[in-house]
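In structure tokens below, several structures.
Shared between the two complexes below is chain A, which pairs with chain B and chain C, respectively.
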Partner chain A sequence: MRKKLALFIFLGWILLLVGDRIDELRVYQGAQIAMYAIALSSIVLLTGYSGQVSLGNGAMMAVGGYSAALTLNNLGSPVWFAFVMAVVVSALFGAFLGAAAARLSGPYLAGTTLALAVGLPEIANQFDFLGGVPGILFDVGFPPARFGEEFTQYKWFFWIATFIALLSLFITSNILQSRYGRTWRAIRSNSLAAELSGVHSGRMKILAFTLSSALAGLAGAVMAMTISLVAPGAYTLALSFALVTGAVLAGVSSLPGVVFGALILVAIPEVADVLATRWGGDENLNNYLPGLIVSVLLILSVIFTPNGPGEKLKRRHHKKA
Partner chain B sequence: MIRKTRAKGTWLVATVLAVGSLFATALPAHAETGVSSSEIKLGITLPLTGAASPGYNKIGNAMNAYFKYVNDNGGVYGRKITLIQKNDEYSPQLSIAKTNELILKDKVFALVGPLGTANYTSVHKSVGLAKRGVPSLFLNTGFSGFASKKSYPTSFMILPSYAMEAKIIAKFLKENYAGKKLGIVYQNDEFGIDGMGAFKAAGTKFDVSVPYTSGTQSAATAQTWVSQLAAGGAQVVVFFGVTSATAPLLAVAAAAKYAPQWILGSVGADPLTLRALGVPLAVLNGALTPAGNPSPNDTSDEYVKQFQEINTKYNTGTAFDDYVLQGMNIGLMTVQGLRAAGSNPTRKGLISAMESKGSTFASVAYSPLGYSMTSNVGHTGYYMAVMDANGDRKPFGGKVTLYTTDSGSGPVVVSTFKRPAMPAKGLPSNS
Partner chain C sequence: MQKILETFLIGLSTGSIYALMSIALVLVWRSTRVVNFAQAGQAMLSTYIGFEIATRTEIFWLGLLFAIAAGALLGAGVDYFFMRVLFKHAVSGPAAVVAPVIATLGLLGLIRSIVGLIWGGEFKSIKAPASTDGFTIGEKTIPFSPLNLLIIVTVFVILISLAIIFQRTNLGLSLRASAYAPEIAQLAGIKTARTRTIGWAIAGGVGGVAGMLVTSSNFLSPYSLDLLLVFGFIAAVIGGLESMVGSVVGALILGIALTFILNYVGTSLVFIGGFVVLIVVLLVKPDGIMAKGRARRA
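Presenting the complex of A and B:
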């Protein structure tokens, strides 16, 4: 535990040093990688460990984003409290949803969460206090003046996002290695056998949904910070699918793999831009190509490596060892 | 134990990979962003697709057509202008992402003509345009807040503010429709709220007030607007929204045989786009609108004539309408701004030139420009126009009566301002 903590602190220190030496676009993308890493960890916990399939993580991110923005704007609270509220409200929402989800499985659960991903962000259009399509601002403010003039807004986002990502991944990693993680894996492997061993699978599934939602909500708040805004258009169905793809590519039961998955998700628009430029520079193509790439990657992954290339590599490595 | 060590190793590998990827693609910085010996790179975000795209999707190509014309005639002090268009689908979060691409990846010198009030508000904050010192010229939005030098030190508007527009409509209503039942449909974001505040300050009381949320406009929602207006007995209806909302409103009203006197805000009143969206000519006939520019069909106007010629040659196949006219005019003003910034333009120099010389630029609009050391405001007035049976726009009362005002409590006055002449062949030679 102490060694792991030291490792995470060391990683954090390395990342902060890196933040000083790369250009602003990469700093911004670094913050996005941190955000996606948190979001993907919510899928690893839910799907990789407890065996529940959710296509609605984008919606849970929206819950977190709106909770953070409403807290910050209406209560005038410190920024850290807005992130805490994102976690708390998303967890409560997840617990409520988890109670229903625990009764469902397979395609029924996937269908329910898919409906959530489609419908929930659109609810924002119906209520003025949620800002409609333009959304509401989420302004974490300028970096402290003591960091100097050269310390940019994006570097500030990067610092905050990296800190939150490392902290949440450290906590998640410990939870997954605790008896809770083992119990979830037991449920995933054989729910009936787990129950015969005295595990209350319903409660444990609700707990997994709650924690997963809390992580997704936190990622939603970090995303809101990086775009200074929460709006329905930020938490689309495409985002939910991209997260599932990222998790599958990373290896859905590998927590360190979320960094690879996050890298892939941030790299996809870059790749799309290069391809669109090569194919004539059509701006519309540039907008729609990332979604196409995500879909193709998901299909290919499901056909050739159902648990993701990350899992396959891991198994190959284990066999050699 | 082995497993734990392996897990820690995986964490390290993951981080090293992430760090390596960020380093591997880092780019070196340039001396003056977006300007080389042969090129000036500019960028614009606008909706090329999506619900709000009709009309607006023509602006970028119109600007590009004008820039190509300038490039073919020597460019700006020998440099060619390259305009990079990014499709934000009128969504603030896409707008932020695309502006980031323009500034951090494409490394444009300045933004020109970014579109949408909510979009620009969030882009300005998130991307930090002011802190970066990125000039943002000729915003395609009339939100009066953007005129503030303190809040938006590097931004310059082009349209009169929505508050100015509302004040001018309020005066017109008072002079021509006193005693009639008034209704209004407005977009309930900064755009509409800016206008509503000015109506209230001018003492205009609407008997029926129908707000709508941006992006929700459709035939179904327009049905509810029309029902409310008709139920309230509104005889004169002001519309303060975008063209993609004007079209269903007018079409549904026509189908319901509800025919009040329409006063369409300048943003959503391009006849050609409305007709393309299915609004019958008969409905448009007699509709009133505040207008800043001459009709795009008025070939007796030297600006319109020149821009039409450029459109025919460099924007082939695109019908010449208000949006094309606006795009070309932004192009014309951009070139004047770049020339005023000198032969070795810098971002600071461009902002300074806009402040000191911007108010003298040639522009197709009839009203004066308000750029100064203390204000970012663009044009400052409108004339009232009426649409005819051909979908064309003529000055109300047969001749242009230009009203000018400010966004605050200043009076609305009839102006005798004479706009500068179009530069010879449409090619600015200012310095």
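Presenting the complex of A and C:
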């Protein structure tokens, strides 16, 4: 535990140094990677550990983003409180939804969360206090003056996002290694046997769903920060799909893998952009190539390495030994 | 009173389209134990093909026929080239349970991107096979149109033919048998894998019809069938995911309920209404309205 804390602090220090040495665009992408890492860890916790599929984590991110923005704008609270509210509100939302769906298995949860992912942006469009299609602003403000003139806005985003990501990954990793993590894995591999050993599987699943929603909500607030805005268009079904893809690529039950998955999710639009320009820069190509790459990656990885690329390597290693 | 009747009829027409989608989902669920989220994509691609035919020949019914054929081929193809491979590979490990669902999701994304690359994102519309202006009774024009009537009749015809296939033919018997007890069916000499592929084909064809009918009174885009998928799923859950009759009843109830919300409360609450119905059914009667005592949560 203490060793791990030291490791995370060391990681944070390295990231700080790196943040000083790369250009603005990379710093911004660094913040995005941190955001995706939080979002992916929410899926790892839910799918990789407790064995439930949620297709609606994008919607949970929307819940977090809207609660953070509403808190900041209406209560005039400090920025950190907005992030806390994002966690609290999305956890409550997740607990409610989990109580309805999480005690049911696979298809029901998947379908319900899919319905949420399809519908939530539409719902947000309908209500005035949520700002309709243009959305509402979420401005965390300029970096503190004591960091000096050189300190850019993007670097400030990067600092906040990285700090939140490290903190939440640290907490998540501890939860996953605790009794709860073990219980979830037990339920996932054989829920009947787990129940016979005295595990209340329904309650544990709801807990997993709640924590996962809280993480997703936090990611949603970080995302709102990086684009300074909360709008229905940011939390589409495509975002939920991308998250599932990232998690599968990361190896659904590997927490360190989320950084790898997040890196790929940030890289895909860049790669798609380069390819689309090379192949003629047609408008359809620009719009649909990223989705095509995401889906092909998802399909290939789910067929050939459903438990993540790490599993094959491990198995090869075992064979040699 | 008259408004209630009109709302009821329009709801019946909306619900009958949901019924097709939910039947497609239930068919695949019974045989493969996967909620096929790619169904929206398959239906969409079939509808685009139907759209091309219908616009070029200006015959809606020819387009519909092509959409059914395309949907059936696509459904069979997805099962044969995709699900079989998937079930061969993803058999163990933490992701085995969730792999099929995630795979259908990937397929939905893939089909959506391909459709987007070919046809682009702009809204298309298919010329409706019947007038969308309401019937005139005496002096008054009601919102219920010949198109609504045609939709109800078309769906009714399809449901009857499905019922005949399932209840009166050998194919239907083997479809039901391999869904109910695949191993016993196999021992009885039914080629279950092939039967499953046929089931996927039927589901795909039905999905194609649903797509064409929705599009005849609406527009078509790479995203336009997502809501149909969601409502089809809710309808299937109301029916218990297992029962085809249950899913049709669920779809009609849902269609009528949502149309009442639309006409009496407002557009903004239609989706929330559907979602509330889903949550309430999951909380109160998770096995669906057709459950006979025994819990059938898979």
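Criterion: the second predicted complex is superposed on the first by the 309 of 321 C-alpha atoms of A that agree within 3 Å, B and C clash if a C-alpha of one lies under 4 Å from a C-alpha of the other, contacts with A are read in each partner's own complex, and residues count from 1 in each chain.
Just so it is clear, contacts are C-beta pairs under 8 Å (C-beta built on N, C-alpha and C of every residue); 3 or more make two chains touch, one makes a residue touch a chain.
Only a predicted model underlies this, so the values are computations on that prediction, with no experimental measurement involved.
Colleague: Check the residue A:N284 against both partner chains and state whether it touches chain B (first), chain C (second), both, or neither.
Modeller: Touch status of A:N284: both partners.
Colleague: Is A:V248 touching the first partner chain B, the second partner chain C, both, or neither of them?
Modeller: So A:V248 only meets chain C here.
Colleague: Regarding the shared-chain residue A:A234, is it in contact with chain B (first), chain C (second), both, or neither?
Modeller: first
Colleague: Check whether A:V118 is in contact with chain B, with chain C, with both or with neither, and answer first, second, both or neither.
Modeller: The second partner, chain C, only.
Colleague: Figure out whether A:N73 sits in contact with chain B (first) or chain C (second), or with both, or with neither.
Modeller: The answer is neither, since A:N73 touches no partner chain.
Colleague: Is A:L263 touching the first partner chain B, the second partner chain C, both, or neither of them?
Modeller: The first partner, chain B, only.
Colleague: Examine A:I299 and indicate which partner it touches, taking first as chain B and second as chain C; both and neither are also allowed.
Modeller: A:I299: touches chain C, not chain B.
Colleague: Which positions of chain A sit in both the chain B and the chain C interface?
Modeller: 283-284, 287.
Colleague: Would you tell me which residues of chain A are touching chain C in their complex?
Modeller: Chain A residues touching chain C: 47-48, 51-53, 55, 97, 100-101, 104-108, 110-112, 114-116, 118-119, 122-123, 126-127, 185, 188-189, 237-238, 241, 244-245, 248, 252-253, 283-285, 287-289, 291-292, 294-296, 298-299, 302-304, 306-308, 311.
Colleague: Under the definition above, what is the set of chain B residues touching chain A in their complex?
Modeller: 2, 7-8, 10-15, 17-19, 21-23, 25-27, 29, 48-49, 85-87, 89, 91-94, 96-97, 100-101, 104-105, 118-119, 121-122, 125-126, 128, 131, 188-189, 213-216
Colleague: Residue numbers of chain C touching chain A in their complex, please.
Modeller: So the residues of chain C in touch with chain A come to 29, 34-35, 37, 85-86, 89-90, 93-99, 101-103, 105-110, 112-114, 116-118, 120-121, 222-223, 226-227, 229-230, 233-234, 237, 241, 267-268, 271-272, 274-275, 278-279, 282-283, 286, 297-298.
Colleague: Which residues of chain A touch chain B in the complex?
Modeller: Going through chain A, the ones touching chain B are 3-4, 7-8, 11, 14-15, 18, 21-26, 28-30, 33, 125, 128, 132-135, 137, 139, 142, 152-154, 226-229, 231, 233-234, 254, 256-257, 259-260, 262-263, 267, 270, 273, 283-284, 286-287, 321.
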